[in-house]
Structure formats: structure tokens, C-alpha cells
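Below is one structure, written out as C-alpha cells, with a few remarks after it.
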């Protein structure tokens, strides 16, 4: 099972105005793996996240999810298929409490659905004591964790995380690491971050992006990847 | 009259009406479209411009004095509204709507006190009747329409080609960022209000000989302006001008074909379907409401 | 997220109004009845404005649909006021689906103008088809065919009017309070906070907007239908743009607390208008000054709502 | 730094204070006028005044009429009070603004009855306001007197408590002048009218009259409300007509100006209802085009149009000069063709109160009052009815009087014909007297 691609992006291109953000980019994500995506600013990482989750429509190319072409699917349909997303700047519902935020993520119907995992997830993320707080009262790091919690509660098959460590303190990064480790094997994660050490330590495979292309894909500690990272960052340092 | 002559007249009249609408709406484009401040007194500023023209006519001053003084007065009123009220709560949308609606009523009632309840008018400074083949048209109407159009184009060039347009946009889109770039957003907004108010007043004075002057004339102007601003694409000056002209022509042409009230219904329905078809505003999240 | 009994605390408003009834002199009683009828419209507006954060400038069309629906049913179908009320609400809900459909496709200022155009279209149509609608002059309903007429054997018109509007208002307050505490209410708030995020969690936001608009349609339509059935008059004068702006002012003055704000705002603005009307001249001017003053005061009224035991509506 | 701050805050305070003073000034201006204009109630010891509520269009689109209606009402009340009041009791006029809005109008009726407990209500002009107010007056059992010329009273849309004894309704006016138009100006007619009830009354009445006299209405052009430019609609005017019949409400000055440019010298005969230029001076720029055209007038604007001792007294009392303008401001022209209805209505109230022995707002007194009024069939010309004598139809609750036809000559209106009362009459099945009063 593990060798079957869950999602593949095939020769995807996207440009904004005159700027090419993705150029013929192709990548496969396997069931249950954590794929790290590394690259300097402007490499096209967030655009990649966008075309996978459906907030951006590619100019060319296809997105295949479990053997069906979802390129034209709306964000909502992709969410129903199990593609979840956390944003570079965390997006939660500030008017609602932490519990309500998580509860809305549990099920999509109006009826309420099961909230079994809610408390457990909240505890795991360290939000257990904050359940009745308004989301607007949370710190930046707590909001980030809440968004991750919401993503997990929507029982996704694929979780696309865009810069999850941004704005987190050292301790919070460590606990985020342990949460992600706990997920290994349960769902596929695309982990986009600019912290090389963080990504490399968590991912099985790492893809290096630069100027809208994948310049290297391989085992996290492989030589190719290491060189590619070095080159990409040196050029842009 | 043949239908061809009717068509010619409708086109001409539609263009004149459209140019006037475009100029009145242009001021609203700056304050509402670009800076995102819903100033509901805009129509009243237009009315104040026309009223000033009447007051100067009563004082036996030439029409040219109205073209000079009316925009100065309305610009001052617009600036005063911003400084004394809107700025105090940072142009928060809800409070702005309440305050400017209140001011709309105040300005309207003040005009009722000054103008009286009956309609007033001023004579055109010159009024040749133009004879076309088969129909005649007022030379001053044409002149006023042309002047409105030229002014609108002038403002377009001025705002788009100068730093001002950039500053106006920056002041709204990210006040913090703009301030960190040492742009005095307060002053930029002030300039925006002055320009917007001045344009409304100028339009009011310019059209005072071809429209009757009445204390209630502002509300219609406000509604039409909002429609024109939005149809043209919020914040786009060129779009506003095009939408004004298009709406004027559309009203004129539909009136050739249908019973007048139905023609207006059709115009509104066409404008509405344009908005729906373009799915406008879906990608923009700036405006909260 | 299950509504609790405590969510019904805002019902204190209709209770107070019921208790005040024997104390009120005749005119304040009539005014209160009028304001109660209108504040149901105010609640209808607030469902869109405060709960899903959509500013419509076309709600007069929903009010009018309720009014014409009820009035025309009475005149052309049968003089049964309850059925007429239902007909009014039904026509308002159908129209609200249209406005809701607009809201699903268009946003922000474009939506404001789209709804404005829609309601202006209906206004002009009401004028044009005057053989049916009575045009701007309007239509008078036979008093015996109205709600007041039905209750006449039981109580005086003024009492009937007071208690029918009070009852409907109570239902509106209870409905809106329970709604805002329910899961659907939370979804509405989430929609207002971040539509895209909600969509990315797999929710159909267009459907949610349609739902909110139909709730709004029920309330606005009920208010319009009551206007017809309590005051025996139907006319295009209720469809103009002013009638779309009024609820914006009420809900803004009332503040963001959707359970009590719409009533308080409607009350404040109308009582100010009524007191000023007693002045020999310039009463519109006074209302204008009042609105400017309100614009400074709004947002500083949080303590009033806390006093009334209302926990939250919208975050400031 | 400190000084600058102090200076700027001083400046701001100054601006705020200035604005407040300005606002106060405006408010003061209004309040000073109100004190001056409110009729001083005659206070005689021990005599309870008759309270007449007055629903007036002070603001909104009806304001030009409302201003003059209020002026006339105050003049009439002051004359009544100077000459012994009504049945020896002083009259107190309680006027409130209805904003020319049906919703507010109905509310004003409630205020007048429930808060002020008035004996009678002097009603409004605009038909939507009248139609929304009538049912409230009927329910609250207060006689409501419209001065509207609308058809809602005579055609039975209202109820037994609503009357229009002071002014002929639109069908009556049109019926009276239509015959003259067809006989003197021509039989092929196009008409322009506002696309609402008032305009529709004109459309229907003229169409009926045309059928009766064998004339043809070849084109009917309804103008949507709120229109500010008209040329586009003029393209619908056929060129081969004898008469263009116009009646406008709203942007009337633009209407006439654009009409002038459009039709030019080679125009058909123009017959207008004075409503098109009511309260507007004929000297207004653009109106010179109306030279040589014809108008219906309810009561001639220029003093020589109908010069009787009564009309002179009325004109003097309401403060209008011989050109029909405000004596204190010649640019402020009166709504002369309509406002006399307010004067005459107040005297109808006086007459009926005195005849019926009405004394206070209670059932038996209103029965006397309404029955006496319905039994009236004629009002004699005099100080109380300066516009001329009138036939009153008690079944329809409507008066029918003389109409005037004038032409514009040297920038003034010159009366050329006065219709007979019979010319205004028409048949209608409505009978209010069959409705129960209580």
C-alpha cells in the first residue's frame, strides 16, 4: 500500500501576471508518508500547496488524487475527499470558542457528528484547558495548534501544512515535531517549511524547490537532496 | 421623426446623461472605491454644488464664479466631515454609514432651509439650439456633457499617472505599511476627500443650468453614483467613466423600445445580470460587509 | 453547541413589553406596537448583517414581498388572515432565495449594489403593474379581512395589534436567540469570520448563505405581512431605497448583539424620530444629528448588553 | 512640541465649537421660524378649543405643497379665531410632519388622535399618504379631510370617515377641461404623465372623456418616478398630433426645458396641468417656452384671473401678492391652484360643526357631524369659499367646483375660460352613507 501514490501533481504550471510560480512541476505523494518541501522564498512552495488544496487553479497540468483527476474540483469537494490544509498565517474562526472551532471541523453536516476525538486531540495539542476560550484570545502559537487540530479532526487522508513553524517559539516547535511524529503512517503529510533541520528530521523524503521547479527529490538525508538544498539557498542567500 | 433620427437623439442624450453620471460618480470612486470609505453624503455634496450656483446667481455673479467657488465649498465640507467626524473613529465602516447618513439628513434639511421646498433653476450662460438633421438639441447640454467627460478623463490621467493614485490605494490597503513607508495616510485621505468633494460640487455647479435644483436631488445622485462605481469595478476610475457612459446610453436606448418604467426595469435588470455574470467581488476580501 | 434554556434570556424584552402594557398610555401603546412590527424586520436584517456578515441594500424587497403577498392574498384569494400571513412569508422566502443566490455569487460592495438593483427592480415593477399592486398609491385591505378584524369580537383593535406584534416579536427573539446558540448559528459566525476556511473544511458556504437569507426572509416577510394585516394598507412606499437603509441604521445603532440589538436599535431610532416629530419644525434635522451622535456612541454600549445577560454576538 | 500640540488641539476645539455653533444656528433658524409660524391659540378663560390636527408634507417630495398648505391653514385658523372661532370656541391647529411618506403619515394620524386627541384631522395631498392614513382615521373614528384631488375619496377606496370637500378631484377637473381642449385645440392628443396614481387618474379620466367627445388619445407616455432627464421619452411623441397634454411631478423644470428644445418652434398645442409648474415662477429660466400654451388652474395664480372681493381677501390673508408669490419673497411662488382647498376645508369643518352642534370627540357628536356633512349639497361662494361655489356629493364625500383654463401671455397666466360646475360631474356608484359609522 505504501508505494501507491496518494496524490500526484503532473506537469503543473501556474503564473501570476508575468511571474512563473510553478513551471511544469511534477511530484508524487505516497500513502502515509511525510513529504518535506524545502526551498527559498519565492520558490513556489505556497503555490504548490494552493494547487493541491484547490485554492488556486493551475494554468496547465493535472492533479490526480487516488486515481481520479481532481484538477477542476472545488476546495470543498477536495476537503470532502480528505485533503486538509493549514495556512502560513493560521486561519481559525475568531468569533467561536476553541471547542466550537474544533467541533465544526469534526463533521461537515449540521447535525454535529461525533466529537469523540475532540478532547483527546485538544489534550494532545495542549489546548485542553483552553476549550471555552474564544479563538481570538489565543496566542499566535495556540492558533497555529488549533488550526492543526481542526485539520486533524476533519480526518484527512492528506494534510498540506504551509510553514507550520512560522511564528512559533522553540518549545512549541518541539511539541509540533512530536505531534507530527505521532502521525507517521496514519496519513500523508506535505510539510512545507523553510526550516531545513525541522523538515529533514521529520520527513522520509524531501523535495527541494527553486524557481518554480523541483530541483531534487529523494531520501531526507540523501546526498542529492543535501547538495540541492545547499545550492538553492546559497544562490539566494 | 424617423427611427434613425430618434436613435441619433437617444445616443446623443444618452452620452450627455452618461457623462454627467460619470463625473458625479468619479468622486465616489475615490472615497468609496479606492479608499473604501462609504461616504453617503456624496450626493448631498453634488446638491450643495448646484445650490451654490443658485445662490451666486441670486447674487448676480456670473456662472463662472460658481464653477470656481462651488467645488471649493464642497471640498471644504467634505474635508470638514472627515476631520470632525469620520477620522475620529478611524473610518470604521458601520460608524461611517451611521454618521454619513445622519449628515445626509442634516445637509438635506439645511438645503431645505436655504433653497425652500420648491425647485430652483439658473439660466445657462449661453444656450444655442443645435439643429441636427431631423432633431434639435440644447447646445449647453452638449457642452456641459462634454465638459463633464473631459474633466472625468482629466482626473483619470491625474490620479493614474501621478503618485497620488498610488498613495490613495496604499493609504487604504495597508495603513500600517503605508505609515512605515513614511506616508502620511491622514493627509492622503484628506486629499482624497477634498478631491472627491470638489468633483461632486463641480458636477453640481456645471449641471445646475440643465437640472432643476432641489433639496432632495442628492439622494438620487448618490444611488446612481454607487451603481456606476460598482458597475465600473470598485476602485477603477476608467471603469467608472465607462460605466457612467454605458448606463446613460442604455437608459436612453431602452426608452426607445419599451414603456418608460419597463425600460428602467430592463436597465436595472441588465446591470444586475452584468454583476452576476462577472461574479464580481468574489476574490476580494478587503470590504468586510 | 446545543441551545440551552439560558439562551432564551433575551425574551426578557417581550416580557417587559407585556408587563408594560397596562401602564402605557394610548399613544405609546400604538407606537410600541408599530415598533414591534418593524423590529421583526430589524431581526430579519440582522440575521444577514450580523450573523453571516453580508450587507444587503435590498431587504425592503423582502419586507415588500411579505406585505404584497399577504395583501394580494387577502384581496384576490381569500380573506383568511392566517393564510395571508403564510402567503406573505412564503413569497418573501422565495424572494430571499433569489437574494441569497446573489450572495453566493457576488460579494462585498458588488453584493450591496446587486441587492439594491434587485429591490429597485421590484419597486419599479410594483409601480408599473399598478393594476395589480395599486402602484405607489397602494391598496387598502378590508378591515374585516385583516388580523385585527378577526380579533375584533375578542378585543379592541389597539390591543389586538399590540399582542399580535408582541407574540410575533417573541417568536422572532426566541428564534434568533436559539439560532445563534445552535450549531447552525456557529456555522453562520464561522462563515462571517472566514468563508474560505469554512469551505476548505468541506462546508457548502453557498447553501449556508441561502439558509441565512431564507431565515431573514421569514422574519422580514412576517414583518411586512403584519404591516399589511395590522394596518390594512399595502403600497410601494415601503419598497423604496430608504426602507432598505432603515434596517441598516437600526442594526448599527443596536450594536452587534444579534439577540437584542435589532430591537433596541429599532426602538431608539424610532422613538427619537417620534419625539422629534413633536417639535414644531426641523424634526428630520434632529434625527440626522441623532444618527451622528449614535455613530460615536455605538461600540461603547457593551455594558447595556451585559446587563441584559446577553453573552455574545459579534466580536469587536 | 508642546506648544504646537496645544495650538492644534486649540484649533480642533475651535473647529468643533464652530461646527456646533453652526448646527445650533441652523436649528435655531428652524425653531425661530416655527415659533413665528405656529398659530397662536386663542385662549379664552373656560372655553375649550377645537383641536384640528394637521398632517403636513413639511419634508420629502411634497414639501413645496406642504409649505403653502401650512401657510394657508395658519391664515385660515387665525381668521377664524379673530372672528369668534368655531361655535364660539377658539381653534387650535396641531401640525405634524408626515415626510410625504405613507408609513409616517399613518403614524401621524395615530399621534394626532391618541396623543393630542384632536377633534378633526386635516389631511394630506399625496395619494399614498392619504390612502395609508384613511384606514387609521376610520378605525380611530376621527373625520379625516383630504386636500388631495386624488380619486381615493370619491371612488370609495377609503371609508365613511374620509372626506374631500375643499377641492375637485382629478377626474372632475379633467372631465371639465377635456371638452374645451377637444373643441378648441384639437382631437388628436398625446399625453405625458407621471407613472403613478396621480398620473393614472389623469390618463383614465382623459381617455374616458375622449371616448365621450370622439377624440383620440394616440400616445400615452408615463414617466417613471425620480427621473431627471426626459429627452429620451420625448422621442415617443408622434409628430402628427394636435395637442400634447402634460402633467408632471418631480423634476418639472428640466422637463419643460427639455420639452422646449425637443419640440422647437413647430410644436403642437400644449395643454398642461398647472401641477407641472406649481410653486415655480414662470420667469424661471427655460419656461419662456410655455408662452402661448394652455394650463388648467384650480384657482388663478395671477390676481386678475378671478378678481372678486372674496378672492382678494383670501389672497391678502395668506400673504400672496398679485403675481401669486410670497409677499415677503417674490421668488417663492405659491401652490395657488391647490392650497385654497385647505382654506375651504377648514371652513367646511366650521360650518358643519356649527350646524350640527358638535361639541366633543364622542360617538353621538360624530354621528351628528358626519350626518350633517353628508347632507350638505352646496357651498356658496364667499369669504369661506373664495374659489367659487361648489356642489358637494354626500354619497361620494367629494366636492365639485369650477375650473379655470389659462394661457401664458407675456410671461403671465391669463384666464380665458371658467368651466361650469356641471362640466366636472361624473357618475360613480360609490355610496359611503351605506357604511356603518360605528
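Read from first to last, the chains carry the letters A, B, C and D; within each, the first residue is number 1.
The rule is short, and it goes like this: a contact is a pair of C-beta atoms (placed from the backbone, for glycine too) under 8 Å apart; a residue touches a chain by one contact, two chains touch by 3 or more.
Here the structure is a predicted model, which means the values were calculated and not measured.
S.K.: Is the number of contacting C-beta pairs greater for B-C or for A-C?
M.R.: Between A-C and B-C, contacts are more numerous in B-C.
S.K.: Return the distance between the CA-based centres of chain B and chain D, expressed in whole Å.
M.R.: So the centre of chain B lies 34 Å away from the centre of chain D.
S.K.: Between chain A and chain D, what is the gap in Å from one C-alpha centre to the other?
M.R.: About 73 Å, centre to centre.
S.K.: So what's the Cα centroid distance for chain A and chain C, whole Å?
M.R.: Computed from C-alpha means, the inter-chain centre distance equals 44 Å.
S.K.: Would you please write down the residue numbers of chain A that are in contact with two or more other chains?
M.R.: Within chain A, no residue contacts more than one other chain.
S.K.: Return the residues of chain D touching two or more other chains; collapse runs of consecutive numbers into ranges.
M.R.: 23, 26, 30, 59, 195, 224
S.K.: Can you tell me which residues of chain B touch two or more of the remaining chains?
M.R.: Chain B, residues with two or more chain partners: 106, 109-110, 259, 261, 264.
S.K.: Can you name every pair of chains that touch?
M.R.: A-C, B-C, B-D, C-D
S.K.: Any idea which chain C residues touch chain B in the complex?
M.R.: Residues 49, 53-55, 102, 105-114, 116-118, 120-121, 124-125, 127-128, 241, 245, 248-249, 252-253, 282, 284-285, 287-296, 298-299.
S.K.: Considering only the defined contacts, which chain D positions touch chain C in the complex?
M.R.: 23, 26-27, 30-31, 33-35, 37-38, 58-59, 95-97, 99, 101-103, 106-108, 110-111, 114-115, 127-128, 131-132, 134-136, 138-139, 150, 152, 157-158, 195-198, 200, 224-225
S.K.: So in the complex, which bits of chain B are touching chain D?
M.R.: Within the complex, chain B touches chain D at residues 1, 6, 9-10, 13-14, 17, 58, 80, 83-84, 106, 109-110, 112-113, 116-124, 129, 135-138, 141, 209-212, 214-217, 220, 251-252, 255-256, 259-261, 264.
S.K.: Mind pulling up the chain C residues that touch chain A in the complex?
M.R.: Those in contact with chain A are residues 1, 183-184, 186-187, 189-190, 192-194, 196-205, 312, 314-315.
S.K.: Quick check on the complex: what are the chain A residues that touch chain C?
M.R.: By the definition above, chain A touches chain C via 53-55, 74-76, 79-80, 84-85, 87, 91-96, 100-101, 103-105, 108, 110-112, 134, 136, 150, 154.
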